[in-house]
Amino acid sequence: MKKITKLNIPHLNKAAGSIFRFNKPSSLKAGLPPGTPVHVGEQVAEEVKVTVMDYDQDRCEVISPDNPEECTHYRKKDTVTWVNVDGLHQTDMIEKLCTCFDLHPLTVEDILNTTQRPKLDVFDDYLYLVIKMQTYNPERRQVDMEQVSFVLGKNYLLSFQEKEGDTFDPVRNRIRTSKGRIRKMKADYLAYALLDSIIDNYFSVLEQVGEEIEFMEEELVKEPEPETLHRIHILKREMILLRRSVWPLREVINSLIRGEETEMIGEDIYFYLKDLYDHTIQVIDTIETFRDIISGMIDIYLSSVSNRMNEVMKVLTIFAAIFIPLTFIAGVYGMNFDRVTSPLNMPELGWYYGYPFALGLMAVSAAGMLIYFKRKKWF
Amino acid sequence: MKKITKLNIPHLNKAAGSIFRFNKPSSLKAGLPPGTPVHVGEQVAEEVKVTVMDYDQDRCEVISPDNPEECTHYRKKDTVTWVNVDGLHQTDMIEKLCTCFDLHPLTVEDILNTTQRPKLDVFDDYLYLVIKMQTYNPERRQVDMEQVSFVLGKNYLLSFQEKEGDTFDPVRNRIRTSKGRIRKMKADYLAYALLDSIIDNYFSVLEQVGEEIEFMEEELVKEPEPETLHRIHILKREMILLRRSVWPLREVINSLIRGEETEMIGEDIYFYLKDLYDHTIQVIDTIETFRDIISGMIDIYLSSVSNRMNEVMKVLTIFAAIFIPLTFIAGVYGMNFDRVTSPLNMPELGWYYGYPFALGLMAVSAAGMLIYFKRKKWF
Amino acid sequence: MKKITKLNIPHLNKAAGSIFRFNKPSSLKAGLPPGTPVHVGEQVAEEVKVTVMDYDQDRCEVISPDNPEECTHYRKKDTVTWVNVDGLHQTDMIEKLCTCFDLHPLTVEDILNTTQRPKLDVFDDYLYLVIKMQTYNPERRQVDMEQVSFVLGKNYLLSFQEKEGDTFDPVRNRIRTSKGRIRKMKADYLAYALLDSIIDNYFSVLEQVGEEIEFMEEELVKEPEPETLHRIHILKREMILLRRSVWPLREVINSLIRGEETEMIGEDIYFYLKDLYDHTIQVIDTIETFRDIISGMIDIYLSSVSNRMNEVMKVLTIFAAIFIPLTFIAGVYGMNFDRVTSPLNMPELGWYYGYPFALGLMAVSAAGMLIYFKRKKWF
Amino acid sequence: MKKITKLNIPHLNKAAGSIFRFNKPSSLKAGLPPGTPVHVGEQVAEEVKVTVMDYDQDRCEVISPDNPEECTHYRKKDTVTWVNVDGLHQTDMIEKLCTCFDLHPLTVEDILNTTQRPKLDVFDDYLYLVIKMQTYNPERRQVDMEQVSFVLGKNYLLSFQEKEGDTFDPVRNRIRTSKGRIRKMKADYLAYALLDSIIDNYFSVLEQVGEEIEFMEEELVKEPEPETLHRIHILKREMILLRRSVWPLREVINSLIRGEETEMIGEDIYFYLKDLYDHTIQVIDTIETFRDIISGMIDIYLSSVSNRMNEVMKVLTIFAAIFIPLTFIAGVYGMNFDRVTSPLNMPELGWYYGYPFALGLMAVSAAGMLIYFKRKKWF
Amino acid sequence: MKKITKLNIPHLNKAAGSIFRFNKPSSLKAGLPPGTPVHVGEQVAEEVKVTVMDYDQDRCEVISPDNPEECTHYRKKDTVTWVNVDGLHQTDMIEKLCTCFDLHPLTVEDILNTTQRPKLDVFDDYLYLVIKMQTYNPERRQVDMEQVSFVLGKNYLLSFQEKEGDTFDPVRNRIRTSKGRIRKMKADYLAYALLDSIIDNYFSVLEQVGEEIEFMEEELVKEPEPETLHRIHILKREMILLRRSVWPLREVINSLIRGEETEMIGEDIYFYLKDLYDHTIQVIDTIETFRDIISGMIDIYLSSVSNRMNEVMKVLTIFAAIFIPLTFIAGVYGMNFDRVTSPLNMPELGWYYGYPFALGLMAVSAAGMLIYFKRKKWF
């Protein structure tokens, strides 16, 4: 239970708790001067882990510095430097690192606050970008979200994650093995490659959410239970949260493309960013389609409840309509009028075929009812 | 069952599977460097088939080259060259062809990925356009979708389809027989003519979906079953997917018209593109109208369910209200009070007209009930 | 039954057929080269009828030429020439006329296709405008729609209608009698006057639709039947179609006003077009209000169904709750316990006031129930 | 009943009639040449009453001219001239007045047509502005609407109302008593002051509508009747109409502010118009909030209907479930099996404690049922 | 009960009263000349309290002047002067203060009117900004809203609050103790810091609203009562009001950022305002998410009502269907046919195993029913 941004599908109460992922902790900061570095969010990593990857076309070096100030050295070099930080709870360490790269206090504050919406801030000598990394947790059938911050300078890229474990391994491999064009390109291409790996991962998350939807749908057709509706609503809420974390991304990447910030973003990666934008649109599109489909599922559920109520009512009505007249007939011949006093008093009781006549009357009544309901197509 | 983009109307489970048409396969690619050519989508053609049509006003040549590299030859000629490719699973062959025409790696990647939204990418010396070709499958009562990619250069047009069979035959005939103005025009007019044939086909697809709607509507009026609702929901989902594949087209054709990309698109086809745009708007308009109508159908269904429940309840109530008092009367005269002990104990049982009196009481009670319900207009 | 664009209010099936008014016939054309003149739509006129009205401030001439080519003569004159065509099924005749005025092939195609949305196409020496003429058919309580195309050149106006009978007679009279400023103005004013007569007619159509709404509303308050809901839904669908035929008009007239097309449209009719625009907005506004009101009516209907179900349930419950205890009491005293065996066995049967006691018990029980339901305000 | 624009809250039929307020009479005009002055709307004033107020910083003159042509005199003076007209049915008189001020025929037509949306027309030497004046009618609990037209020239303001009685008295008093800055300002400030008085009045109308909402809400909580829903729907429709008469105002005042029309509107009233704009936004905001609240009320009503149905069902079920088993037990011991024939035939009837045993059985059954429903929290 | 802007969650009637918070009192002003200073709103403070804080980098002075005119002195000084006013009911005092700073009469009017939407007015030498300060009242479980007006001049900031008690204490402390950069910055930074403290507080309000939502959700899952729905609707209405007070803020802060008003807002606080904007977006985002979640809760509630109705119906049907046949059988053997007259008359009554046979018949019937319902999965 050490993850922050979980979407508990099976239990509503926990999912309810997750409403606050984006804003709950912020009240910690009310009253502090702006720019104060405070870690906002649960502590999810054991300790802060800094990894530096420094490369150019010819060589590639990977180190884990003990002291973040060692990074200053790399900042001045012409090579591409990628500093990845896992864990945000040691604010002093993060602050030191940020000082090495002359980051604005508001940026430091934002890096430490894990409750943000995706956004892009343009500063004079770097870009600051926040994005949500989503991973699907198959055990709990839920989507985990983790905030990743990027600081993109001319020749360096800082990435800050809440905890270890990410979607960046293929990129790391491509750098190490010098596969593809990554080693020939600048820090902006590296940033693109990391963003691409995050957004590509959205597709597999959506794929699994989609399988969940398919599963629900089958259940809905076979045997809709109140529990099914409950789960559909949790899915719906999950879509609200996914949507909220992806929508702003569109604008973020669009403003990267619009090239207003020419120094940090080279022209040669225009097509790559365009491609990224197309992917984002496709993710949003899929989320919207899922929302439409889930809404349709709720309608189907509700109308199936109505239909079943109809069924129940019909069973009741058929039973009542058949047996009530029969019982009435039996009741009539159970009356105790004094046959001795008057020949008009229930002469049927003395008929030779009285009982068969009564049973016959009942049979006719029941058959009439059955024919009536058959005609009405009630069964 | 070898088609990719089917909309299974009769069975929900399969239709559910089709949610993922656009994004399911994309997770295959997570982790690969961008621009890697991978075929994303089911293999639907036996083998890749390349056909070259090279023509100008005077002559027209049709060949099926064994080696895609033969096309390089045509690229340099002034004639209009149309290279059509059916089948995308042999990535190396596609790649070779793309290399002949100097396509950007991201374009090659996009051609092979059949899960895209319609879009237009503008490169320096060609335009890349993705569109969905829809055909109605009358047996399965469903819409099949296939992705078609166009690459439009100055004097050539490449078209990539997932499988053989398309809506282009009338265009091929017009080229062969030199009918209309097609042989006098450039590659841009050819691209227009092919797009026009695809969009014209949308109308016949919508026509058939419309007939499906009409059919449902009749069923809805005659005899609404839970099955009817189910089918309406499948129709609704089909509209979600159609809409999703047509909406982006509007923007695509609009940016073709805006003439920002003057070199590949001549001014003389402005009116033709405008016409195409009008058709697209009309398709979207029809889809939106269908959506509105389908929503109305769901409402009608639900209210008819309520009405029938009302009917059932009335039948029950009428039966109960008529017979319960009668049974009560019969019950009263079935009591065993000792008439010997006291003259007050059920003297009716000893009346001469006791039994007729009881029956009369019952008749009056039943008649009263019937009049009451008649007045309430319950039947 | 020879009209195309009918909205059958009384019968759903026919109204359903009318969904395709805009797009159904278009599949006829799939495969033909663009610009091929084909009549798309039902043939509704006996024969094509051409009427020429040629006038300036001093004189006015009206002729019905046998051969459309006679119109060429008028095109060159400085006078205002209005050529009105009723009936579109004789494509060769229409084509000849269009050739006289040098119309683009796509325009000819559009004139013959009666399934279009309202639109404005700007060509170098003429404007092409499509609009829907609505008339209310009081017998069938439905709106008929007919497509009217205008071609506005410098000194001529062509109008194409599907059949005879239109809203133009007052304009014809004003020209003949030289009333108002029409004879002093150019062809653009004539176009305005005709558009104005069409849009003015929308108001009377809406007025009658409004009366239909009022009628439904009264029915809804007095006695809602399933039939009522059915009719409300047909009204709703009619609004969908009306809306669809009027919305694009707004943009059409707006782009006329924006005066980008200065040659055909003089500055002196700016205020008139502005007025036309205001009327269009008002029509749209009314349609939107009607839609809102119709939605409200559906809600009222549904809640009245719920209310009646509630009533039915209450009647049932009251009957059941009153008589079931009574029947129970009667049942108790109908038991046959052997009073001889034991003094404990149903001593009431032997009481002097046994029967009155039992009846009293029943009366008390029934009265209690009645008081209980009275308190609950069930009746 | 001599008012035109009433919103009959208590009776739906009349409110339904008010749908046509904006467009019903317009069909009177179909066929007339544009610019023909025809009075469209009910005649609501006894006779047309013209009042002229002519003032500058030093003096203020109020006269009621017999002949509208006397106003020409004032038009040429430098003083601010406010001509107010109550009643629109004497078209010749209105026409004469308009001729004095050289108004465009379309403006005259618009002034006489009381079925317009709020709008602003900019002519070369005057602005024409239409607005709806709302007053709350406390007796009928309804909002009355009256159209007011303003013609604002360089040094004059014409105002046309449908009938006597308006919100302008405080402005008249300020002019007479020279309170505030009104006597020092131009005609544009006068126009602002009058608009301000109309919009300020919207607030009191909304206040009273709000009280109506509050009243309904209380009723909804205490005792929801079908009548309550009916009234809520009438309120909802009233909001549709209010909204429709206020929304366009926003654009009207915004274009006044945008200062495109510099001659008639001085720069010194920019802040005043801005303030007016803020008020309009606030009115719209309140209307939207009311709409949201009314929608919520309908939901509450419907769910309270469901809840009551639930209650009814529970009462029925509890009664049925308790008494049906009891009646069954009584029925069993009312069977007539021959105890003489066999000792197995109903030996209970001969038990010493037979009857107490049967009653006990019934008590246990009833108690069991009560406990069961208690546990289910049904009461 | 002396607060104006309360949102009474527990009692609907009071919450209903709060609809008018924004517009109710405005009708007080109808008829007064614009710019008249009238206090609109309830009197919530004992007496108006003015506090002046005057500081620069070196020194900081805090005084509470008896006469507002003393502030004129500070206006001319270069230091930053913050004049905070608590309480608005003594209009003369406020007016005097405003005169010292040469505020426009419309600004004074707006300051005194506590029923405004957030807005920004740009005057030549100051900005006027209105915002709502929200505080959560834990006792009444409701959000209190108070209007705060800011007037930002070159070197001074005026803030007007309705009553004592605000979110500004941390800012005051930072000024006094010279913590952070506040003492080094201008009045614009002070304005930013105060806005920031207000918006930061929104987060804690939302946090508590969120806890309320969580609480409701748990209740909804455990035991949905009509009361629960009632509370959800009150929550929903609260969201409508919160949203309404926050949405306009977005535009306000955006226009501050757009830097059109360069003199009062320095370039050095651009990043701070950008940060503020991000926070506002996040607040809006959270409110929208809450609205979506609350809508979902209403759906869940309604479907749970349907489900329970279904349950009730099933219980009724099961009881009826089991016991009605049994009662019928008992009724049959309670008939009094004369066994002496004919051997056909109810021979079962004379059987040796007659009674056990009847009981067995009943058992079989009941068991059959139970199996039938078990198969239908009714329990």
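Quick notes on this one:
The first chain written gets the first letter, and so on, giving A, B, C, D and E; residue counts start at 1 in each chain.
Definition applied: a residue touches a chain if its C-beta (ideal position, glycine included) is under 8 Å from a C-beta of that chain, and two chains touch if they have at least 3 such contacts.
Being a predicted model, the structure only gives us computed values, none of them experimental.
Any chain that touches subunit C and also touches subunit D would be listed here, but there is none. Using the contact threshold fixed earlier, the set of chains in contact with both subunit D and subunit E is empty. Each step here moves to a touching chain, and the least such steps from subunit A to subunit D number 2. Rounded to a multiple of 5, the Cα-based rotation taking subunit C onto subunit E is 145 degrees. Subunit B and subunit E have Cα centroids separated by 42 Å. The mean-CA centres of subunit A and subunit E are about 26 angstrom from one another, to the nearest whole unit. Contact of a single residue of subunit A with at least two other chains is seen at positions 306, 309, 313, 316, 320, 324, 327, 331, 334-336, 346. Those residues of subunit B lying in contact with subunit A across their complex are 12-13, 16-17, 19-20, 22-24, 26-27, 29-36, 104, 106, 110, 116-117, 119, 121, 123, 223, 226, 229-230, 233, 236-237, 240-241, 244, 298, 301-302, 305-306, 308-309, 312-313, 315-316, 319-320, 323-324, 326-327, 330-331, 333-336, 339, 346, 348-356, 358-359. Within the complex, the subunit A residues that touch subunit B are 167, 169-170, 174, 179-182, 192-193, 196-197, 200-201, 203-204, 206-207, 210, 213-214, 217-218, 221, 271-272, 274-275, 278, 281-283, 285-286, 289-290, 292-293, 296, 299-300, 303-304, 306-307, 309-310, 313-314, 316-317, 320-321, 324-325, 327-328, 331-332, 334-338, 341-342, 344-346, 377-378.
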